[in-house]
Each structure stands twice: as C-alpha cells, then as structure tokens.
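Below are structures written as structure tokens.
Heads up, the next two complexes both have chain A, just with different partners, chain B and then chain C.
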Partner chain A sequence: MNLRKIVHGTWMAFCVFLLVSPALFFFIWMLSLSLKYEIDNGAYPPILIPERIAWKNYAGVFESNNFLLYFKNSIIVTGGATLLALMVGVPAGYGIARMRATKSAMVIMIARMTPGLSFLIPLFLLFQWLGLLGTLVPQILIHLVVTVPIVIWIMISYFETTPLELEEAAMIDGATRWQVFRNVALPIAKPGIVVAFILSVIFSWNNFVFGIVLASRETRTLPVAVYNMLSFEQVSWGPLAAAALIVTLPVLILTIVAQRQIIAGLTAGAVKGG
Partner chain B sequence: MASVTIRDVRKSFGAVDIIKGVSIDIQDGEFVILVGPSGCGKSTLLRMIAGLEDISGGEIRIGSRVVNNVPPKDRDIAMVFQNYALYPHMTVAQNMAFSLKLKRSPQGEIDERVARAAEILGLKPLLERFPRQLSGGQRQRVAMGRAIVRDPQVFLFDEPLSNLDAKLRVAMRAEIKALHQRLKTTTIYVTHDQIEAMTMADKIVVMHDGIVEQMGAPLELYDRPANLFVAGFIGSPAMNFIKGNVGSNGFKAESGQTFPLAAAPAASDGRPMVYGIRPEHIRLTDEGVPVEVVVIEPTGSETQIIVRPAGERDKPVADHSSAITCVLKDRIAARPGDVIRIAPDPKSIHLFDESGRRV
Partner chain C sequence: MTAVSTPAVPASEEEARPHKGGHLKPSYWPFVLPALLVVGAVILFPWVFTIWMSLNEWRVGSDTSFVGLANYIRLATDMRFLESLWHTILYTVLSVVAPLILGTAAALAFNTKLPFRGLLRGIFVMPMMATPVAIALVWTMMFHPQLGVLNYLLSLVGIPPQAWVFHPASVIPSLVLVETWQWTPLVMLIVLGGLAAIPQEPYESAQIDGANAWQKFRYITLPMISPFLMVAVIIRTIDALKSFDIIYAITQGGPGTASETINLYLYSVAFAYYDVGYGSAIAVVFFLLIILLSLVLLHLRQRAAWSSGDGK
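Entry: the complex of A and B
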C-alpha cells in the first residue's frame, strides 16, 4: 500500500515535470546564458552551470543601453494603457453585462482578434499627421487595442456573476444608476478588476509589434530595446539573455504575487459563496 | 405609511401574459400576503409595486400618487429580498445606513436611526460585522433593519423566510408579525407557504396563473373558499375532494359510497359535483363510511391517516384520486389494511360545481 503510494507520487511528479519542463528549461537556459561568458555560451558540450559567473552581462545591460529610460518608457506605456483600459473597460463591461449586449461584446472580440498590424499603418499615418510620433502617446493609445478588450471581456464575465438583487436593493434604497455602479457594483467587482489589471499589464508590457513600428530611439519600450541588442555581426547571447530576464522580471513578480487573485478571479461565480 | 391601490394591473413578457388584470386594495397599515404556487405571478406583482418591473397595463398607486412611471428610488418603499441582498463590502451598520447616506441625511440622524433599528432587531452587537460573518437568521434581520431605518411608506417582502431552516422560520415569522404590530407600516409580503400566509396576514390574496382567485381574512378563506383552487391551497394538510353527485340522502361518490350532507343545495340533483371536506373535520364513528387504512402518520399531538374506499386496496400508491386524509386528535390503534368508518362533519362540507366554483 505504502509502496504503491510512493510509486504513484513519483509518477505524478514525473508527469508534472514533463509537462512543465519546456517552460522551465527555457527559463533555466536563459538564466544560464545570462550568467555565462561568451566563450562558455558557444561551448560544446553545452555548459549549464558555468565555473565563472559573468555578472558583467547584467551590468552591461544597464551601462551600454539607456536601459533605465526604456524601463521608464515601458512603465508609462503599460501604466497608461492599463489605466485607460480600466477606466473605459470596467464601465463598458458593466453596461454590456447588464444590458446583455452580446453583439457589442462580439464586436470587441473581433477587434481583439484582428491582427495588430492591420491597425498599425492607418494609425501610424494618423499619429504622423497629428505630430505625435516621437512621444509615448501613440504607443499608449495603440496598446489600448490590446488592453481594452481584455478588460471588457473579463469584466463582462465578472459582472454577469454578481447578483442582480444587490443592485435592485440599492435602487430601492434610493441610488441612481450611477450610484448603483459606483457604490455597489464596483466594490463587489474588485477581484475581477485586479485580474483585468494584471492581465492587461502583462499583455501590454510584453507587446513588441507596436513598439518596433512606432518607437523612436527615445521612446523605445523594453521588448524593443532587447530586440535592438541583436546586431548584424554577432549575437552576444549573454547580455541579450540578461536583458530579456530583466524585462521579464516585473511581470514574473507580479504574476507570482497575484497568482491567487488571478485564479480566484477567473473561477469566481463557479461556486456560490455564502 | 400609505395605502396601496392596484387597479387592473397587467404584465406581459412578449406574448406571454404573466399577470392578467389584478386589482387589490391595501389599506393603510394593513399586512397583506400574496400567496400562490410557483409561477403564479406574485413575485412579479411585488416587483412591479417596487418599480423593478415595468407595468404593461393598469395602474398602481401608493397613497394618492400613481407610481407607474416613478423609479424605485422615488417610491418611498423598502424591500426585503429572498436572498437578503446585503452589500457584502459594507458592515451591518453601513448596510443599514446606506439609504440614509444616499439621502444625505445628517450623520447624527443616521446614527440615531441605525441605533434604534438595531435595538428593535437585537442587532447591536453585530453592527461592525460584515454580512459573511453572520448566520442566516442574523442576515435576515439585517435586511429588515435596512428596511426599517428608512421609515418607508410601504414594506415589501419577497419570500424572506424561504432560505431559513424550519425552526428559525417559525421564530422569524413571529418577529415579523410583532414588528408590524409595533411599526404599523403597510406591508406586502409574498410567499408560497400558506401557513405563513395564514399566521401572519390581515388579508390574504390567493393568486394563480396571473389572476386573483380570492382575497380576504385568513379564516374567511379557510372557512369559505370561493373555488376549488383556494380550497385546495389554503389549509394543511389540504382539503379532501371527492367527485360524485348530490343524491336524495347525501352525496354519492364515484366509488359508490354515500357521504353526509347538511342540506342539499337547490336544483343540484344529479349534476356532477365535488365534495370538499377538510381532514380535521372528519371523525371516526361506528356508523360512518367504511374505508381502508393506507398510511398512519402519528405526530404526537395528532394522528394523520390516509384512507381509501374499501375494496381499492390494489390501486397504485401514487394514485391519490380516491385517497382521503383525516387528522384526528386522538391516538388510534388501527393499522394499514384495517377497515375503519369515517364520518365527515356535515356542517363543514364544501360543495363545488363542475367549473370549480363554490355552491
């Protein structure tokens, strides 16, 4: 009996390991690359744990590039795109959920499914005409294409699970439509808003296509900056991996910290709470 | 406080008529219960009075004001919902104060009113708790507290006790009734439980299929039901119905047995009719109609017996068509299969014609 339990446990562990390994190895290898000198990176057989740790890769990222500027750019673009998306998306999601406006929801879904590149050319021309190129505004605005639908869709499904009686009770208590939203629907939807916020941050932070087209040298975001470290003559894997890890880190931390909230938010309404 | 007048009110969802012309007069301070089976339109009617549903036709007045197009917030009503609908992110005190805050009442007045409501309902120790930290009965009380702090013209209750266990339900029933006697606010209360209706109401409105079947004082409905539906709905266990026709020496049932009648209605000879007798109006005697015992259910204070005309022993259990329920004060020694004799009290007979109307 005990042996069976051990065998079963080992088997489970193996299966889990097998499933997670692609993602895990990717990260471990990236970490390894970022800590190795160039000579070790090209070695055969490959070296996973180097004898000498190349901290200079990390130092180099901050020295050679204007990395802090790009970090700041990324925060402004992601922050702006997420906040605007929440301001637009939360009330929109509420309205669509309450009015059962499924057609509007579909239109938003289509906007999300359309390749970002098809928005880019007309918007590029528009921003050029408005003289906004060279600022961060175009990137913030175009990131809304990604963030607004995410927020709306998460909020629709969240608001659909919150009981209507609460809002009816508020209406009878003397609340106007806006007060019902502000004082009752919104506070109850806090877990949903957190999930929408996090997913919106992740998608916006990692976005590369819009940045590569719209960003100038001064307005690059982090993913674009990492891309620009690739040169034609030679790929220096160490600094590249270090930069990529630094870019991933904020999102990684955010995800780990908010993991429980995300799961709670995504499964909200599955079980009726007391 | 105010009267509520409902005049020929209708409600349709698309082509489906939910409420088909209902008129009810509710006096100032009256406790009226809308009762009926699921889907009879009672909750819809209550929601129309609250302003949560549009009115397709007719008129609803609160006091002298027609409220058909008045939004819920301006109707000066308070409603207690079946699932309580307490705001989960607010404490008990905040829940109760919410409506007063919206009205921008001064803080002193809010505190005073919340304290008074908490006092009446015994909620003082719970004021700083959140709804999730309360039991079902406490939540129910907070929901009532939220209603009474506002001192509204009308209280609306939508099946407020159906989520509570049986014991608590009985206790809360008495509490709501006592509260009404204290506050004397006009109250409209919806339930599907006819015992709640009988015990609490000044006036019961029995609804079925979108119409009012009968309204009146509880005992009036019990003693003189206007039709078969009301007769079957009010009273527990339900009234026994026996099909047959009126003969010269009593009521001839389809099973061939003759049941006693006090006085045969005029010109009723030979017509098919329904003979109604409440289980508690049947006695055991030596000269009664012979029947066979199917089930005996002793509850301690009384004994409920289900019987069938003798000779119908092999009928399936689920076939209730000829079963008669008797409720006896005494404990009896009979067993299933025994033949006993029952005698309905002739003064307590109800006769209904073919269309189900009382004769």
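Entry: the complex of A and C
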C-alpha cells in the first residue's frame, strides 16, 4: 500500500516535471543566450553554461539604444493606462454589480473579442488629426482598450461576491451612495483591486501591437524597442536575449510573487488584452 | 459570459451572492458614467468609425470618397485575403486542439497532491505571462536551422534537422508550437477550476463498482469538466484568431506570405500600404468571423452545459 503510494507519487512528479520542462528549459536557455559571447552562441553543439560569462551584454543594453528612455516610456504608458482604468473601472464595476446590469457587460466581452488592430486604424487617424502623435498620450489612451475591460470585468465579479448588509446598514444611517462606496465597499474590495491592478499592468506592459503603429523614435515602449533592435543592428544573439530578458523580467517576477492573485483573476475573468 | 464561476478572490461561501430581498435603488449611473465615456471613446467610436471607413475609398494622406460595398466586393476576389483566411483557420484549429489536450492533461496532473505544487504551477504559468515579443525573439534563435538549439535537441534523438519557420510547409506548425507552449497554461487553469468543483462521491461509487482509471476519466471527469472545456475552447479560439505578436515578431507573415493570417494581412494593408478603407473592411469581416464563431461555440456550450452550475 505504502509502496504503491510512493510509486504513484514518483510517477506524478515525473509527469509534472515533463509538463514544466518546456517552460523551464526555455527560460534557462534564454538566460544562457543572454550571458554568452557571440562565439559561444554560435557554437555547435550548443553550450548551456559558458566558460566566460558575458556580463557586457547587459551593460550594453543599458548603455545603448535609449534603453532607459524606453523603460521610462513603458512605465508611464503602463502606469497611466492602469491608473486611469482603475479610476473609471472600479466604480463602474461597482455600479454594474449593484444594478445587476451584468448583461451590459457584454460590451466588455465583445471588446475582448475584437482584434486590437481594428481599434488601431480609427484611433490612429483620430490621434493624427488631434496632433497627438509623437507624444505618449495616444499610447496611454489606446492601452485603455486593454486595461479598462480587465478592470471592469474583474471588479464586477468581485463586487458580486461582497456582502450587501453593511452597505444597507450604512444607507439606513443616512450615508450617500458615494460615501457607501468610498467607505464601505471600497475597503472590502481591496483584494479584487489588487488582482485587477496586477493583470492590467501585465497586459499593458506586454502590449506590442499598439506601440509599433503609434510609437515614434522617442516614444517607444520596451517591447517595441526590443523588436527594433532585431531589425536595426547586425543581429547578435547575446545582447538581444539580454534585452528580451530585461523587458520581460518585471512581469516574470510579478508572476511568481503574485501567482495566487493572477490565477484567481484569470480564471474569474479569463481576460487577456490585445 | 465566459467567466468560470470561481469568485475572483475567495469570499466566504454564505456571502457568495447578494440575497434577493434587499434591493438597492438602481441609481448607480454616476458610478458607471466615467467608464461609459471611456468605453465610448476608445471602443464604441472605433467600431462605428471602422464601419464608416470600410464604405469609403480611404488612404492616409489623400482624399476620401464613398464607395459603398466596393471594398467588400474587392475582398471576395482578393486571393491574398482568401489565402490568409485559410492560414488563419489552420492556425486556429491547431492552436485550439493542441493546448486543449495538453492543458487538460496538465490539469489532471496538477490536481493531485504534489511536492512543490505552487512553485511548479508558477513556472508552468510563466510562458503565458511573459512578454510575447521577448519570447518570440528567443524562439526565433531557437528555430535557427544551423545554430538553433531545437535542431540540436532533435539530433540527440536521431531526428534530422528541420527548417521550422524558414520553410513555407513547416512555418505554421512551428508557430503553433510557440502558441501552444504559451497558452497551454490558460487551458490548464480553466480545467483545474473545473476539476476542483467535482465532488468525491461519484469516484467512490465508481471505485466500488470496480471502474478503472480510464473509465473514471471518461464517464465521470470528462462530463463534469466539459462546460469548462467549452470555455477554454471559446477563449482559445478567440485568442488564436487574433494572434499577432508571435507571428509578426517571428516571421512577419513569411516566408513569402506562408504564415500570413488575416490579422497580419490587415496590418500590412492598413499600416504598410496605408489603405485604411480596405483595411477597415478586412477588420469588419474579421470581427464578424470572430463573433460568428463565438456564437456557434456558445450555442454548443449551452447544449453541453447540463452539469455544474456554470451560470453567468
């Protein structure tokens, strides 16, 4: 009986290792590529752990290509789009949940089904007319296409699960709707807001398609900047892998740290941007 | 609609739903208004404007003229569009089926008690959260016919080197490999949610009746998780149809136009040729295709949803 358990456990562990290995191998290989000199990256058979570590790949990324500027751009765009989405999306999620107008959230679902590119054509023309191209404003605004539905969707499903009794009690005591929201509903909803915040940040940070159309040389976000490295200089794998790793590292760290929230949010809303 | 009925963050069970009695008056419009304005500006306006543009001859930088349905008629005979439609269908079918099978298998594995389960699950989920362009660049290096690590790994098990994304015949399967690697975790999470909702009793009685593992899976697990599988199919279908970053960053639709999906073609028409009128027509048709497919799948789901209260 006990032996059977051990065999079973080992078998399951093996299965899971098998399942995890593609992800694990990929990110280890990514790290390896980013730490090798060109001669090691061009070697056959491939080398996993080089004798000499090419730290200069990372140093090079930060020194060249306005990388710090693009980092700042990414933070402004993601931060702006996420904060704006929370400001309008959290109250909206509350209102929709309390009005039980969940059907109206269909718009959000359909928005999620729409390809990002089809928002891009009209908004590109609009931003051109408004003379906003060349600033970060168009990108912050268009990222709302991604972040607002995520926030609203998650907040609706969260506010639907929070108790009404406290809110009713506060209403009887003469609080206005806004006060009820601000002082009763909002504090309880903090975990939901955290989930909405994290997912909004990740999908905005990762967004690529809006940037390739709307960004000029000075307003690139990191994904666009990294992609441009590919076409710009003679392609050397080490620096390119280093840049790719730096771009995605914040998201990977967030994934590990906030795994529980991310999984809860994804299975509740099954949202994905872009 | 496609929400799996697990609450976003666990709340205690008895509070899970607002009770029917205590109605609050429906004057919550001020809460919704700001979002409505934003949604109107960045979502509804683009929809309406896209339809309007699609009815015009409209190129960036020159005069526009109303042409009715001419753009749509042009689409019907545009070989490159029809070819991209076929690529999209092929890419989508493969990118739904492969993650669905692997994701379900992964969910069954993760549903057992494992050492380091949280950590393993975290690693497993990483591909879908990582920045698509960043991982696309690394995949491009791994696909390299001479220096790529994939051909080396194949050589270890005696398989001859492949051309991967560098040959028209293998480019779509290779891209699907990336898409599968990326999105199997999402299917896994959805199915895992379904598995968690299955009660123990059916398994216990099946055990008494002497059912084997496969029979238990086929006659208990599979019917119970089928609504969740349908959710996964719907989400995967929508996402695979819309897939852009991976394809654009790895092949840009090439070699030639061998991996050009509708989305990629749409991009070229609108932002390489600046033919936004025609591009809008493609966008409208593409959007209708997605909605149509979603409705068909939702209909199928309604028919499959005879178990587990999956309302929303």
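To be clear about the criterion, the second predicted complex is superposed on the first by the 250 of 274 C-alpha atoms of A that agree within 3 Å, B and C clash if a C-alpha of one lies under 4 Å from a C-alpha of the other, contacts with A are read in each partner's own complex, and residues count from 1 in each chain.
Definition applied: a residue touches a chain if its C-beta (ideal position, glycine included) is under 8 Å from a C-beta of that chain, and two chains touch if they have at least 3 such contacts.
In this text the structure is predicted, and so the values were computed from the model without any measurement.
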Mind checking the superposed model to see whether chain B and chain C fit together on chain A or clash?
fit
Just chain B (first), just chain C (second), both, or neither: which does A:117 touch?
second
Would you check which partner chain A:163 touches, where first means chain B only, second means chain C only, and both and neither mean what they say?
both
Please indicate which partner A:202 is in contact with in the superposed arrangement: first for chain B, second for chain C, both, or neither.
second
Identify the partner contact of A:179: answer first if only chain B is touched, second if only chain C is, both if each is, neither if none is.
first
Per the contact definition in the header, classify A:171: touching chain B only (first), chain C only (second), both, or neither.
both
Output check: A:187 vs chain B and chain C. Expected answer is one of first, second, both, neither. What do you get?
first
Quick one: chain B or chain C, who's touching more of chain A?
C
After superposition on the shared chain, which partner residues are touched by A:60: those of chain B (first), chain C (second), both, or neither?
neither
For A:80, select first, second, both or neither according to whether it touches chain B, chain C, the two together, or no partner.
neither
Nearest approach of chain B to chain C by C-alpha atoms in the superposition, in Å, rounded to an integer.
6
Those residues of chain A which chain B touches in one complex and chain C touches in the other
163, 165, 168, 171, 274
Residues of chain A touching chain C in their complex?
9, 12-13, 15-16, 19-20, 22-24, 26-27, 29-30, 33, 41-42, 44-46, 84, 87-89, 91-92, 94-96, 98-99, 102, 105-126, 128, 141-142, 144-145, 148, 152-154, 157-158, 160-165, 167-168, 171, 177-178, 181, 191-192, 195, 202, 205-206, 208-209, 212-213, 222-224, 226-227, 230, 237, 240-241, 244-245, 247-248, 251-252, 254-256, 259, 261-270, 272, 274
Within the complex, which stretch of chain C touches chain A?
1-4, 6-11, 15-19, 22, 24, 26-32, 34-39, 41-47, 49-50, 53, 60, 102, 105-106, 109-110, 112, 114-115, 118, 120-127, 129-135, 137-138, 141-142, 146-147, 149, 152, 181, 186, 189-190, 192-193, 231, 235, 238-239, 241-242, 244-245, 248-249, 263, 266-267, 270-271, 276, 279-280, 283-284, 286-287, 290-291, 294, 312
Going by the contact rule at the top, pick out the chain A residues touching chain B in the complex.
163, 165-166, 168-176, 179, 183-184, 187-188, 190, 273-274
Provide the residue numbers of chain B that touch chain A in the complex, in ascending order.
50-52, 71-73, 75, 77-79, 81-83, 85, 87-89, 98-99, 102-103, 132, 146, 150
